[in-house]
Amino acid sequence: MEAYKHQVHYYETDKMGFVHHSNYIRWFEEARTYFFEVIGAPYTLTESYGIISPVLSVECSYKKSCYYGETVLIRVTLEKVDNVRFYVSYKVTSQDGDLRAEGRSSHCFLDRNGRVVSLRRARPELFSKLKEFEGVTV
Amino acid sequence: MEAYKHQVHYYETDKMGFVHHSNYIRWFEEARTYFFEVIGAPYTLTESYGIISPVLSVECSYKKSCYYGETVLIRVTLEKVDNVRFYVSYKVTSQDGDLRAEGRSSHCFLDRNGRVVSLRRARPELFSKLKEFEGVTV
Amino acid sequence: MEAYKHQVHYYETDKMGFVHHSNYIRWFEEARTYFFEVIGAPYTLTESYGIISPVLSVECSYKKSCYYGETVLIRVTLEKVDNVRFYVSYKVTSQDGDLRAEGRSSHCFLDRNGRVVSLRRARPELFSKLKEFEGVTV
Amino acid sequence: MEAYKHQVHYYETDKMGFVHHSNYIRWFEEARTYFFEVIGAPYTLTESYGIISPVLSVECSYKKSCYYGETVLIRVTLEKVDNVRFYVSYKVTSQDGDLRAEGRSSHCFLDRNGRVVSLRRARPELFSKLKEFEGVTV
């Protein structure tokens, strides 16, 4: 499976001359979206069930800058899935593997009224799908 | 009434060293929000009626750059209100009046199903309020 | 030549449920970048000459909303190039051609000190390249 | 000293109906900028010395959502300063003290060529200023 690719946009840079750090958090989201598409459990499906998965925590460690004009890869690992949460990790590299940043995020499942949902009970088939891809990197 | 003030954020700059042009469109929205608050017709009220007012068109003409560390003023004029639309114009200046950009936007009223709403019929008191401030600049 | 494709990101939506209007201005930039790459005159080359091309004006007319989960096409036409400016137009459509938005932008050429540059004189070969693609849509 | 205030903008929300998580990272930057201004060591001064302070790491833990129409407070603590780095923590609350998010960031000092700078040696008076405010919350 091909890793998620992101071409760096001009509007993502700041006056230091390279990508503003907040954008990596957005790239994590792009790559996470891609991951769930690739494994056959797209967000749009989850949302069609009335389930959202907001971010509980996020962190990013910046190693080297990313520049306008380059394309970066963002590799996603679904670290762990339990009844009400999941944990994801990320690696941002240049196309030839130079590490730029690493990060992690955690998420819960909520219904439309903001109540925590046990995915195992609410959508067992989706839960099984996610469990199946625990530990997998795309 | 005091004009809307915006302090330029680092994340709003790009590698040219000054504010990225797309952010002015966001500042217009901030200033528009402020205008409707000041005249006593805040967006949150309109949205509580189930009415949204998406942007139909926007334009901006850039005169001089805005820099990190400065505070700009955004003056808003409610140019015209009719049953289903309104038209707004904007002037971005430095604190001492140096013109940085000018712009305009137009908006319609929609209900939750995306159907055009006649504000005059649906919410006559809100419509009157807006008409009262036609031509006013904050 | 294939049109520029943009997959709508979650962070590009707002509480109305579809893409925030300011992001189209950013998509125009993405597509413009792509256009200049495709014709062999990438921004990174222009910037390596010490020439930047800031936006003088931008406008967008919104026809229909864009949604998370879809991929849109942004077609770019290099409308006109003269010694110190160029003019671009944009059409945003769904993959099956449904029109979502239309826009235009104008740009000048500046050196590192913010002085207007005649591209014809400063970089005649780049100027010729752009003239060659006047009127072309990608 | 008054805490930094941020009014939630429409463009900061996403289709879940509340603020997109990436924007908290930007608010941290706004509040950090404010902190350094308040203590008399603004970024613009540091940058005028040819020193930038990029983010080495950032993390945020989300407790409750923030909504369009509200104003949040972001309290900043300068946790620690050493020769080449500093560490900051953040608390985002509603105006009446309801906790929304907590976070931290770390930063280094670099010169224009991207080389690590010892602030103590390069700018002893700025270093002393920062040390003086170690542990202080604004």
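Letters are used for the chains, namely A, B, C and D, taken in the order the chains are written, and counting of residues starts over at 1 for each.
The criterion applied here is as follows: a contact is a pair of C-beta atoms (placed from the backbone, for glycine too) under 8 Å apart; a residue touches a chain by one contact, two chains touch by 3 or more.
Everything quoted here is computed from the prediction, not taken from an experiment.
Annotation of subunit C and subunit D: jointly contacted by A, B, touch as defined at the top.
Farthest chain from subunit B, judged by C-alpha centroids: A. Two chain pairs, A-D and A-C, are compared here, and A-D has more C-beta pairs in contact (counted per touch definition above). Chain geometry summary: the mean Cα position of subunit A and that of subunit C are 28 Å apart.
If you average the CA atoms of subunit A and of subunit D, the two centres end up 24 Å from each other. Annotation for subunit D: residues 10-11, 16, 22, 26, 29, 68 touch two or more other chains.
Contacts from subunit B toward subunit A in the complex involve residues 10-11, 13-18, 20, 22, 68.
Contact residues of subunit B toward subunit C in the complex are 16, 21-23, 25-26, 29, 52, 54-62, 65.
Interface residues of subunit B facing subunit D in the complex, by the touch rule stated above, are 7, 9-11, 26, 29-30, 33, 42-44, 68-69.
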